[in-house]
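Structures incoming, each one as structure tokens.
One chain, chain A, links the two complexes that follow: it is found with chain B in the first and with chain C in the second.
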Partner chain A sequence: MSAIDPLRDRRETLAGLARSRQASRAFTGLVIFGAIVLPFFYPSGSGFIDDSTTALAYVVMALGLNIVVGFAGLLDLGYVAFFAIGAFTTGWFASAFYADANGGAGIHLFVTGPAAELPGIHMNFLLVLVAAVVLTAVAGALIGLPTLRLRGDYIAIVTLAFGEIVGRVAINGDEIKLAQDYPLTRGRQGITPVDKIDLPFVDQFTSLNLRPWYWTALGLALLTLFVNFRLRDSRLGRAWIAVREDEVAAASMGVPLVRTKLLAYATGAAFGGMSGAFLGSYLNTVNADQFEFSFSIFILAMIILGGLGSIWGVVVGAIALSFINNRLIPDVFNTWPAKVGLDFDLTELSFGIFGFLLVIMMVLRPAGLLPERRRRLELAEGVGAGEEDLYEARA
Partner chain B sequence: MSDSGDRTGADGAILRAAGVSKAFGGLVAVDDVTFSIPPRSIVSIIGPNGAGKTTFFNMLTGLYKPTRGQVVFDGKDITGRRPDIITSLGVARTFQNIRLFETMSAIENVLVGQHSRMKATIFGSILRTPRVRREEREVRERARETLAYAGLSEPALEEMAANLSYGDQRRVEIARALASDPTLLLLDEPTAGMNPQESARLTAFMEQLRDERGITILLIEHDMRVVMGVSERITVLDHGEKIAEGPPEDVRKEPRVVEAYLGKQD
Partner chain C sequence: MRGFLGQYGLIVVLLVLPVVYGIQDLQQDGDLSRLGNNLMDGLSNGAIWALVALGYTLVYGIIELINFAHGDVFMIGSFVAFGFYGTIGLSTATGTVGLLGGLAVTLLVAMLACASLNVMIERVAYRPLRNAPKLAPLITAVGFSFILQNVGLLWLGGSQRGVPDLIESQKELVNLGGVSISQGDALALAVTAPLVLLLTGFVATSRIGKAMRATAQDPEAARLMGINVDTTISLTFLLGGLLAGAAGLIYALYQTTIWFFQGFQAGLIAFTAAVMGGIGNLRGAVLGGLIIGCIQQISDNRIGAEWTPAIVFGYLVLIMVFRPQGLLGEETREAG
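== the complex of A and B ==
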């Protein structure tokens, strides 16, 4: 079929294994070190650090979505829902939004600085982070429930609907009152301002001093990476891949499908919530316009560009798309239309450009920039293509 | 359940199916089959194509829910239970057309087979606690042993399943099933596509599994040389019904069996 000699292939993998492990350790250390010192080469309020911080937050989301789509093979088109829930967690628990809480005196938990004086609920960012992770994990499992009996495209439709529902609720949430004075959201006006992150032993987080934000985002990204690597080579990670490869065989080998899939949804969602909670504070607003369907596609495009299932690939894809979106298109290429005598804003074409990039990718490197070794095989040799399914899915 | 022993006519059976039926809409694929397997034996189900053998298998392993009837394994009612639960109780299987996790290595495939015997939780795996570490080391060691026992050569262990030869894929599939530490092993046409030497080797391996590990084997098989050679008892299905049952030499002479296989003589 193909000219690949399996024997030679194997010898390369075996010989490469020992060498590559040390090399990749060293490389990883170097990359992390570079990422830590990077902000010192730029002014602390610079656009580059701003874009890098956003990119790192997107890395967290992309890695989360990669667990669901890349590892477990469940196509999720509603990932924006977890961004929304995470961001709203920050909006609810770290802003003056619920000004009447505690009779106008406010509720303050481990907060210092200006937030400690304001009315509303103000919790320390770490607590907000935990709350966001818990809430989104539960939401992720809930959205997983109706998809358990479904396969492939149908899962995508249900998750897409879930994303839309959360988006709609965010827009109209100002009319949804929990008690008489506690609306769910502030719709398109947005909850703003949101408390700045407040961590012990770290510089002040302000909009002029972006370095602490950057390091926080980096910390979250590294934590996410760590969890991804640990899970990939674990009992659960193998179960995810087995389910992706062949549900019937996986179930017959003792893998509980419901639990395995729900854990994928919940884990993936938790990272979306984590990143959302960070972005809520970083962007200083939580408003409904942030949570559109196109954002789900944006994150999905990152993991496809980088290489579905490949952890490093997803990191590269997320950083690349994020920079193309936030820097290259608005700042670098935006003057090009004017140069050839055209008058339009290139940012309006962002998604057209992403689409074009994806098409190019699918033609040149269908498995992504840094393909997972499994996918490479799949696409090169048609391994794992659809088989007849005899399993009667039961929840 | 005290009387079901009489109904199946085999006391102390490891598995008992009583009046099991499966209908897909109007089509009755398996019709009222009663059947039992004595422990530490090798028994076979044979029958022409479309006789309902694989459907019957799928009911025993939980992939299909029986329309009627009851399946009891090792004293526990497993009728319509989830496949992963049935596997954790001690029933493992292979598939007619090999269903390996193709992009996983041979070892990884067998590791998945041990899923129900492992204890690592999601948090344990993230923190990689000493216990998880130890378990991971043990299951890897066991996976190597099982693959070696099933006859896979050392260099093939890390190879992706899709790249393995057909015979090796069969071996990995059996090893994957053995990894769940079954008391009952269901093999769906394991010698399909094998030459006579390979079939003979597999037959010997089945006997070895029974004698060394005390595993009971239920076999679906078309190769009559294998069936007649290895089975202690044979059950014949045709059009979803059990038409004959007994030791190989009796079943061979049964007129209804001959008829089912060769057609009726006028």
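== the complex of A and C ==
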């Protein structure tokens, strides 16, 4: 590779970007419009809307994890912890789980419909959402705190350990009593049923009509997208990327490392909590089996597939993987092993498939399907060229 | 005070569990035999973790990578051993001589299988990423861990699988003042100790061991000195795989149940052990393995097995935060 080429590439890319800005705005608008009208083309209770809703919830989580891993470069292998905390917030504050609250009469805050009659704590979904965001943001910062002095793979292991501890607490939470008859969780049995979402000015959601659920998930995803874009281009976002690229250089340029990293953990976690709170209500159960390590990897695979740090890439990765997981593997490919004379259930192997995907992506296309602009430029410039020369000299 | 905590804090934290339950035993039973039995079981479990932990520490020492798939290589070792029993027809009815010979062959097969698997993983998933950012090989390691788990799942199914209790592992061999040493304990220690001695001797004295240490210190300089770095790294993975295979067989004989998920747990436990001893430090890994084994056994027996993983991970976090260099390790770059 000569020294001139990458420079020309970059100039062309930058010029192209300026020209294509208008086009990309129009394209974004079109995509959003398409996403809004999509459910009208399918029956209101169809499996497709169901899968799309889950996919959108995963988009929120993947974008949250992308802040920590993609922007700030802190590998978090315990992201499932925030899904768990968010979902449990819904379980605690929007179900009949604490049936003895307020002497059996229950506590009701801005809820209508059947939930208003039930015992237990029932809060409006919006309140639950805020509570989940606050709780997970605090949890994210707390989990981030001990990793501040560590670097790279040690962070991954500490977050993994925290994720496992949260998972263990979720499984054994029925043994932990906050007070008499107030256990922390209901373990593997799960907290169920959970209140349906109850938003002001619209009818109570039902499990028969999935469209409102879809739009809620879409709303959350769009909100997350907006916040992600604004954050990425903000002072904080630039600080995250600076920390990712070179911690020492960032610190010497005046980036406060502790605050920057903790904010990355907290913000990333908050989105996980938001999505978790939604999924708790949508799936109608908060069950300890949902919170396993493999889920963290599932979300991580999404952002690696899409392109670490690339917001649109992450969206594509999340939608692709969640459809592969919920639709392609169980419905389409599942008959394949039988066709070639093998006898196993492909759904059992889904995580092996994701593992394979991680390896293949990392080795063949480490920047992801839609690489982040900054990374693409770096790769085009050939940052590692010096080392490569060294290797060639040896051979 | 601060200096004292930094120096001895970890040791104090580690001693809390045995001391508390030792006092409790003395009050309730009047002797320490229950704690002694816990510790004995802990040591033999810990011997298995030590073998796995050595694999982590060897690899980390040389390329600073947490070989996340290592625990699953160990799991495959158990599966290979179990499969090989069937092939050569070992059962509880086999006579002593045949049993010992058969187990020796099984040990060899399991070790070789895991070693070649480990070398293959290094070749496919880590070597292409040698110059990539540090997180890239870690992610492929996680990916391989999932692939191996699914191989195990396909192989023997999703539930726990009973292994013929060839050595009657629970049968008491000797009883030392209320502390019973079972045949399983004896086997675990009898296989682990020579392997560990061989390995440390190999790394300390052999030419290849010297090359490994040189590569660990500075790959560039090692290359300039004429050391083939790629081969040396492959050999390191080979050694780690050999030990994981041995651990896999001992685990199958000792626990008499195996399943595809054992590797994930074992991997994290062994990694904790490696970090506790000081990652990159061979003796540290063994020490850490034995300590974690004891903590685990005490927690299983007293607090409840369902909490053990949380307790082990709790220790992992504490060590990472307060003494990332571990008990015996030197200050690493990570610790700074």
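By our rule, the second predicted complex is superposed on the first by the 361 of 395 C-alpha atoms of A that agree within 3 Å, B and C clash if a C-alpha of one lies under 4 Å from a C-alpha of the other, contacts with A are read in each partner's own complex, and residues count from 1 in each chain.
Convention: contacts are C-beta pairs under 8 Å (C-beta built on N, C-alpha and C of every residue); 3 or more make two chains touch, one makes a residue touch a chain.
Please read all numbers here as calculations on a predicted model, not as lab measurements.
Undergrad: Does chain B (first) or chain C (second) touch A:Val332, or do both, or does neither?
TA: neither
Undergrad: Going by the contact rule set out at the top, does A:Arg374 touch chain B (first), chain C (second), both, or neither?
TA: Touch partner of A:Arg374: chain B, not chain C.
Undergrad: Regarding the shared-chain residue A:Glu245, is it in contact with chain B (first), chain C (second), both, or neither?
TA: Touch partner of A:Glu245: chain B, not chain C.
Undergrad: Classify the contacts of A:Thr267 with the two partner chains as first (chain B alone), second (chain C alone), both, or neither.
TA: After superposition on chain A, A:Thr267 lies in contact with chain B alone.
Undergrad: Quick one: is A:Leu231 in contact with chain B, with chain C, with both, or with neither? Answer first, second, both or neither.
TA: first
Undergrad: What is the contact status of A:Val255 with respect to chain B (first) and chain C (second): first, second, both, or neither?
TA: It touches chain B, and chain C stays clear.
Undergrad: Indicate the residue numbers of chain A shared between its chain B interface and its chain C interface, in ascending order.
TA: 384, 387, 394
Undergrad: Looking at the complex, which residues from chain A come into contact with chain C?
TA: Touch residues, chain A against chain C: 73, 75, 77, 146-147, 149-154, 156-158, 160-162, 164-165, 168-169, 171-172, 293-294, 297, 300, 304, 344, 348-349, 351-359, 362-363, 366, 384, 387-388, 394.
Undergrad: In the complex of these two chains, what residues of chain C are touching chain A?
TA: Residue list for chain C touching chain A: 64-66, 124-125, 128-129, 131-132, 134-140, 142-147, 149-151, 153-154, 158, 223, 264, 268, 271, 275, 304, 306-307, 309-310, 313-314, 316-317, 320-321, 324, 333-334.
Undergrad: Could you list, by residue number, the parts of chain B that touch chain A in their complex?
TA: 58, 61-65, 82-85, 87-88, 92-93, 95, 97, 99-104, 108, 111-118, 120, 122, 125-128, 132, 136, 155, 158-160, 162-163, 176-177, 179-180
Undergrad: Please give the residue numbers of chain A that touch chain B in the complex, ascending.
TA: My answer: residues 6, 9-10, 13-14, 226-227, 230-231, 234-239, 241-242, 245-246, 248-257, 263, 267, 374-375, 377-378, 381, 383-384, 387, 390-392, 394.
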